[in-house]
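Below are structures written as structure tokens.
You will see chain A twice below: alongside chain B first, and alongside chain C after that.
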Partner chain A sequence: MKIIDSEIYSLPKDIDYKKEYLKFEAALPEGVILEKINKDKNEIALDYLIAKEFEEAKDQLTPLVEESYNTGVVFYLPKDVKVDQPIKIEFNMDDDNPVVINQNIIVADTASEATIIIDYTSSEGVEAFHQGITKIFAKDKAKINVIKIQRMDNKAKSSDTNIGFIKGQGQINWISVELGSAITVSHYSNYLEGEASGSNLSSIYLGDGNRKIDLEYSMIHKGPRSISNIETKGVLMDEAEKIFKGNLDFKKGARRSKGVEEEYVILLDPTVKADSIPALLCHEDDVEGEHAASAGQINESKLFYLMSRGLDERKAKKLIVEASFRPIIDKIPFEDYRQIVIDEVERRFMDDKN
Partner chain B sequence: MKKTLLEIKDLKVNVEEKEIIKGLNLQIHEGEIHIIMGPNGSGKSTLAYTLMGHPKYEISDGEIIFEDELINDLRADERAKKGIFLSFQYPEEIPGVTVEEFLRTAKTSVTGKYQGIMAFKKLLKEKMEELEMDEEYATRYLNQGFSGGEKKKNEILQMSILDPKLAILDETDSGLDVDAIRIVAEGVKRVHDKDKSILVITHYNKLLDYLNPDYVHILLDGKIVKTGGMELAEEIDKRGYEHIRAKYSVH
Partner chain C sequence: MERKKTYIEDIDRGIYDIKNEFTYKYKSDKGLTPKIIMEISREKDEPKWMTDFRLKSLKIYNSKPLPTWGADLSGLDIDNIVTYVRPDASMASSWDEVPEDIKKTFEALGIPQAEREALAGVGAQYDSEVVYHNVKEELIEQGVIYTDMETALKEYEDIVREHFMKLIPPHDHKFAALHGAVWSGGSFVYVPEGVQVDIPLQSYFRLNAPGAGQFEHTLIIVEKGASLHFIEGCSAPLYRVTNLHAGCVELYVREDAKLRYSTIENWSRNMYNLNTKRAVVDKNGTIEWVSGSFGSKVTMLYPMSILRGEGARSEFTGITFASSGQYLDTGTKVLHAAPNTTSSINSKSISKNGGYAFYRGLLKVAPNAYGCKSTVSCESLMLDNESVSDTVPVIELHNDDIDIGHEAKIGRISDEAIFYLMSRGIDEEEAKAMIVRGFVEPITKELPLEYAVELNNLINIELEGSIG
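After this line comes the complex of A and B, so read on.
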């Protein structure tokens, strides 16, 4: 199933996004750089910081975004520095600012730690367009948590690429929440390059109306004893379509590494389409790759049990879906954002005829 | 004379094209306790599910009348709102939803009234104490990892909270130890004391000793073949269903 047409790849040119999107007021520890991205200024400094330590990862969308971005942040964490408060980035596209092409670069030096939340919304009825790339470089023992929440309007399009490079015992933890927009592309690639590098990717998605969702998650194990974990929970209703590709790739040298991939999707209507393509590539013998997937309707007995307690069919289904999302939502370390996600799931359910 | 709460007239029910309930009549007045006994496979759970409105159980003939209204075609949630409650023989596990959240949602749905968080907490705590349940259950996921007995107690907790007009208990006492049976019986009695009606499906007399029922019915092959008092339950207890079948079976 091919659900994304080529039109999304042609980026609008020279459109500014004039709203403030970096919402962080607290004082930062010394040496931390947190700036809006700027072609002339910070990019060069970053090139130097990233220099050679990380292998280049090529992605077809990267050059396009790299040339024409209008937003994004540069975030550098020096050695041993922990930023306790979350870095909040909020894009709210509207009639005057319908386009966000963002490039975010995060460099976490040895044993540094931070959490970044990026929230994408768009005004009702606006044909908003978001395309983004987020690159994270995590050195030994660094720990970076990124939470991305996409809840744009049904008229919007969203395409997001995320790449993580992890050294030594560094760790990148992603939480991806995809609840909106007409077309959603969400790609994550993590390169576990060091000994005992780690990455977790937890995601939920909701497809309603005619939404098309393209998810591709890759964990590329290069270092020995590296550990990755992918956990995805989804729900599809109406005429929504989803394709999920989960790749566990154990390169030469990834001895005794372990990757686990789980994908569960609830199909609420017979009119939805769901494809799941797991891939397990091993160039090394002594590795462990686990894959589990299931796609199915809500169990009739469970539904009846809930309805016998007075919940109408939609409420009962909503409860079961929310319950399946729950373990992922609970990983979002901020109550206000957990509530935002719960409310949006609720709104999506109440909006539709399901 | 007491008002009729539930009337079942010549009910026939098919499950997957097969007739299981084959012409059943039953009348329950307000405040009465009725017992249904019958061997495995005689159709007891089928009757319970049908009364609650399970879509898989198709009424091919007959009428179910609740408070003077024909409810054959009502959905389960609509019946719950009318005041019918079923304590399931096999309660479902719903991971990800806590007992407290679920019950608050259920209470809101059944009553149509918003349940304030604090007021509901208080109500729940009170009902849990009555049933000698540890407070900790409120925060556990609904039935997940509960023992058989804990699930049954949880059904009674739900019944106490939802406060139905008619509670149907499908083998709620099966698999319970004597203490748990006593606690369940007391829970049922508290509902009954408010002049609510109870329909108990059971195999054992232990629960009946506490409840002091008005009627005992014997269900065989989809029909009530005999109605009496406690003496019927004692006869079954002493002589078994085979004897009962030989004595009351109608062909």
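After this line comes the complex of A and C, so read on.
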């Protein structure tokens, strides 16, 4: 299943996104830079834009975004600075602003810490388009949490690439929620380069209608004692299709590293398509790598129990799906966003087939 | 023999270079020609449809590119494929020509001199021929046909014609086409309805048949309610000067029938083993694969089960052991094409001394195949830091009424386990070998006794000197 043909793929050019998207009310600690990306003047951004590391992480789409982005955020955290409040970035695409091509650059210096939430929505019926790259450098002992919620309308298309470089004992934690848009591509690559670097990636996805979902999660272990964890839970119904590629790649030198990858998918209709390729690549012997994948229907006895308590089938199924998603939703550290995700799952589940 | 000289290679080219030049420029004078194919066919005195089939396959072979994925095939001298085809060129002419390391392996395995020579492709016949004849008589009484492919083509032409390369058509890939064009030797087994063959049949006994070897074709048909255990392979590295093996194995398992197919492939270290194996299973039938890959320079081998009848079952047990200079790309494919089919895959791989072990598998469930169950388990053990081990299992599900579980693990022997055994007075080398034997134990117990003993011996040999 190939969702995007890169040879004929091009991005819309010179379409501005005029709405305000960066929300942060509290005063920033000294030295922190948080501003919208600007091709001409963001020195830090430019420094890291040409960084050598990103060259190797490039895919076919990266140059396109770097050329024609219209939005994005540059965020720099100096040494030892912790930002307690979440940085909120909200894109809402509508008739006047249907295109978001964003490049976000986050640089976290030694022992800094911050949480960023990026939320993508689009108005009903608008053929919105989102293409984005988020690049994160986490230096020694830095900790960056990123929560991405994509709940765009069924007419929209969304493609999102995320690249993390982790040095020393730095850590990047991703939470990815993919609930909307007709086509969604979501790629994450994390390079664990330092000793004891860490990265966690938790994601949920819901495929309904004719949605096509392309997920690729990679953890590239280079540093010794680096630790990664991928946990994905999904639900497919109607004519939805998804392909999941999970790569645990242990490069030479990644001694005593550990990587775990789990993927669970619940299949609700006979017309769904679910492909999984969980790859385990190993060039170093002293590592522990594990992956597990499972796919199946909803447990019938659970369903029967709930229905015997007076829930109709749809509601009972929704409850079981929600229970499967819940451990990941609960990792989102903000009540309002947890509720947003739960409501959206419920809306998609209850609305569609009626 | 004169012809052979003409085709001896002089230029060493890169793989991509060859791909173009071979198909367009040298088609007529280098590589295989229809003339050679006709000659092979005439020597074997084959019916016309087979000659036509060979020629058709040759056309396909010349039009297909080399695979662009998997192992590096650039060491394969594809321009001179014709020298592999001529079987007499492939045998070492005397025991003295067999390389030292192979001789040593034979000695370590405890194989008698006469048998060693036979296995090395030097000797002609040996004592096991008698055993083979005894087995044969018993089978004839039950109505079982067990013969070589050449004889089968003459005596059971209808059956062969109906099944030959229908499961693995020449269009499948370049080496299937090559096989179709130049196949030679192999086994033909037909088990009639309801017959249970108690003793395992072993193609081991017939490997010395003239012309058998690199392009052998195995065709097994197990009729309704019958059962068979077939063992194929050589119990020691079969040394050959030439370096390409492209056999085909086609297995037909009818309703309620059961076939267990065991192979131990332990080719010499200069071999490119590009074998194709496929089974089709009807209603409530069972196919069981037991597959061991140890030798060869490069192996690309993915036995496939097509479960086309309701309730059909497939079981795959495989072990791969890659050592220095080896790239073993193995795995299995299962296609669930009917409702309530089940499959289980259990694969283990060991890599050491810079060996490359690659598990590549496919599990596919068709849209109409409801109620399927499958478990896939892959475990890899790396014995040192130079080796490489990759696992890429592809899972494609096209309906919802299924139950699929997959897990894979990769790692090394834990220091604690070694320490514990050593504290009990076992030296390090033996401790390591014990752990490896424990790791492969679920596989060895699936093997017939002599093969299990051999596997253990092989592990001892392979592990010698690996610590330090």
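General remarks:
In this section, the second predicted complex is superposed on the first by the 333 of 354 C-alpha atoms of A that agree within 3 Å, B and C clash if a C-alpha of one lies under 4 Å from a C-alpha of the other, contacts with A are read in each partner's own complex, and residues count from 1 in each chain.
Just so we're on the same page, a residue touches a chain if its C-beta (ideal position, glycine included) is under 8 Å from a C-beta of that chain, and two chains touch if they have at least 3 such contacts.
The structure presented is a predicted model; accordingly, all values stated were derived computationally and were not measured.
Applying the stated clash criterion after superposition on chain A shows that chain B and chain C can sit side by side.
With both structures placed on the common chain, the touch criterion links A:323 to chain B but leaves chain C unconnected.
One geometric descriptor of the composite model is the angle centred on chain A: between the Cα centres of chain B and chain C it reads 80 degrees, in steps of 10. By the touch criterion defined above, A:295 reaches chain C but does not reach chain B. Touch criterion met: A:269 reaches chain C, while chain B stays clear of it. By the touch criterion defined above, A:346 reaches neither chain B nor chain C. In the overlay built on the shared chain, the residue A:95 is in contact with neither chain B nor chain C. In the superposition on chain A, A:306 makes contact with chain B only, while chain C stays out of contact range. Touched residues of chain A, counted separately for chain B and chain C, are more numerous for C. Of the two partner chains, chain C is the only one touched by A:281; chain B is not. This overlay, made by fitting chain A, leaves chain B and chain C with a least C-alpha separation of 15 Å. The intersection of chain A residues touching chain B with those touching chain C, taken from the two complexes, is empty. Against chain B, the residues of chain A that register as touching in their complex are 299-302, 304-313, 315-316, 319-320, 322-327. Considering their complex, residues 52-56, 75-77, 79-81, 85-86, 88, 91-92, 94-97, 102, 105-107, 109-110, 141, 158, 162 of chain B touch chain A.
The residues of chain A lying in touch with chain C in their complex are 236, 250, 252, 267-297. Interface of chain C with chain A (complex): residues 367, 370, 378, 380, 382-385, 387-412.
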